[in-house]
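For reference, the structures are reproduced in the following blocks.
What follows is subunit A paired twice: with subunit B in the first complex and subunit C in the second.
For the complex of A and B:
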């Protein structure tokens, strides 16, 4: 018997009520807005039985330039056993651009977090190898930030 | 039975060319030899590689132009096919591959991305490989049709034939 998604949300509200700022629904999937300190306990809770969100589908970041909490981390989770999807969002300040790494919970978070670090400059505490994954050594700045200059080029070779 | 065979017209052996030699210029002979023995090195980085595969396989018979042999070592090849998007990160690799090729060597930019950067005008992509290495023939298209590739090959052959050829003991 597959679990209903209302049960997951109810259990989360009971256990982490003070850490969840609000819940939302978009495109038929639930969104959980949480405080960043509660990320590890919440994903550990969801990873285990009976919810079993065993898949981390994606992990990314959004830059809301000009807002107080500028960056938003987005985690897409999927439960194969219960056929449930859940999105977790949390806001980060530009002055304190750090969040706990979830590589201890899902292994594939390793490269996804490196990508977010490469493109947005978010630092993941506890990541085993936080290094740029796409851009080369010596590349300055973070190209997917909204304030990265549109025409700024940093060639490795002198171009003609 | 023997009579019928005897009545058949006799097959005459081909008459040899008078004197047994032909005359040409060494420069043109070398150009003729070089244009029909283009070993190519595919520097495939993106989706144009699929179109390269169809162009290089039996269906379009690239071998009739003498360019059927793909070498996966730049040191053994004459023609560098740059197939696909070249990023800033990949640029030093392409330069190294070009430098590793021995003379004489030719470069073909295959597809819109290699020609001009294509649709990718951003922080990551080199806006045309001619900003890194010299290019002989440009093939437009996203991706180019195999016919376009063969046309470019013929154009490169014409260019090679017209070259002032270089050789090792040539007097400078």
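For the complex of A and C:
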């Protein structure tokens, strides 16, 4: 039978109580704020039965310029069996812009993490091929950061 | 500049470059292949040729102004993109859309889904050599686009779905047009089934080519027809019903093997279900009453403004034909009754000071739609799969962050693995069956 989201959140609190800073509910979506070190254990735990969050729906980043922990990683998980969505968030400091890669858990994380690296400059430790995906090699800066000007132009690269 | 594949290349193998301007690479995408004869040993994809900074642009536009940008994501089914964005915002604002508009939205999104599938399969069939199929399918799509054009005023970049409802009521005589489009599409589907289903050439190119297991599809985050072709039952319309989909009857076709042929077949069967949905929605919608007809007689807007300085004009106002379907009489049918989030009717703008103020407040920077602080994720079933928007609002009239979950981003990321061990010729139907849309993939 389908599992209630309250049970998932309760089990997580019991298992990873100290790693979860808070849980939140916004516009009907469940949000879990965690410490960045606990990311891999938590997603591996959620992937197993009976929770079976087998799908990584989305992975992105938000830049809160001016805040102490500037970057926020956002993971959307989905459980096909229980028809549940869960949002996991963790904050990164600008001085230590690194987080464990989840490419070993989900294959689509490969491109999604490349996109975040391309747009925000977050380094994913353990990523097999961390390379810009949309922008070209030699592009300077990270376009989706809030301090990157909207209309900034960059010189053309010479043809090789 | 160095690519993984160039570093790994062996002396006895050959490197081949497909794209970015290869006729079979639908949008613009580059596939680098390492070949042993014609067999693919290794592949690498390069995307981003159509990257235009959609997300960055949206962060600098107001919620109303960024709507046209969503048309240009999946340019074959723009109405679903509009719908996904608008419904995400409606979830934030808590708007209740009138039932009439919800049925119009269902009709429009199903028409878009059909045109999306038709385009995908037309291109796929053409690349396999079936040019007749291409022509038939594009012909059917033409009838669908004619209908969309008559109501929305545009063929591709429609911006028809608006916050709180839709832009205008369906056009005069829409029922006959829609019935014709459905009939034509049914005929074409029947013809295409006859041409391709048991065609030896087509079967050789698609059967058991690029087989994807359900586990692999889930691991890659596949959704939509591609996921369902592997036999996994997941459709956003069934799992998280939105609009009035829970009141309509339809089935979710599933594949068995997850190969190219199943992806073709699931799309074909899905179109039939979409036609069923349109017919059900059509029966729920009443014909237009005479009061909703375009008003060609009456006083000119300029004169109405002049009169309204002293008294209410008390006469009908002659509106531009561009505004057909959005007269004041249509407003209760097409838009939510919440003056904070919807545009005032033009009749009010021309004749009352309150309407004029509302109009300016709606469009002025810093005064328009300002959702509460917070973040929201909402998804609809797009042509390719789960089309999700993630919006972070900081309480101003511009989104702080808008992220699109593009279904084909996840699907195309599996291509490298899917084509390994197959022949070069298999790349083409495999790539065609994934329905890669550059605008959505590269954003």
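Basically, the second predicted complex is superposed on the first by the 155 of 160 C-alpha atoms of A that agree within 3 Å, B and C clash if a C-alpha of one lies under 4 Å from a C-alpha of the other, contacts with A are read in each partner's own complex, and residues count from 1 in each chain.
FYI, a contact is a pair of C-beta atoms (placed from the backbone, for glycine too) under 8 Å apart; a residue touches a chain by one contact, two chains touch by 3 or more.
Here the structure is a predicted model, which means the values were calculated and not measured.
Of the two partner chains placed by superposition, only subunit B is touched by A:154; subunit C is not. When both complexes are overlaid on chain A, the residue A:143 reaches subunit B and subunit C alike. Using the contact criterion defined above for the overlaid structures, shared-chain residue A:22 touches neither subunit B nor subunit C, since it reaches no partner.
Annotation for subunit A, partner touching more residues between subunit B and subunit C: C. Contacts of A:135 after superposition on the shared chain: both subunit B and subunit C are touched.
Residues 134-136, 143, 148, 160 of subunit A are contacted both by subunit B in one complex and by subunit C in the other. Residues 26-29, 31, 54-58, 60, 62-63, 74, 76, 80, 83, 85, 87, 106-108, 110-112, 119, 129, 132-138, 143-144, 148, 150, 160 of subunit A are the ones touching subunit C in the complex.
By the touch rule above, subunit B contacts subunit A in their complex via residues 88-89, 91-92, 95, 122-124, 126, 130-132.
Residue ranges of subunit C in contact with subunit A, taken from their complex: 1, 4, 47-48, 51, 53, 55-57, 60, 91-92, 216, 218-221, 232, 234, 239-240, 374-377, 386, 388, 390, 392, 400-401, 403, 405, 409-410, 413-414, 417, 442-443. Chain contact summary for the complex, subunit A toward subunit B: residues 134-136, 143, 148, 152-157, 159-160.
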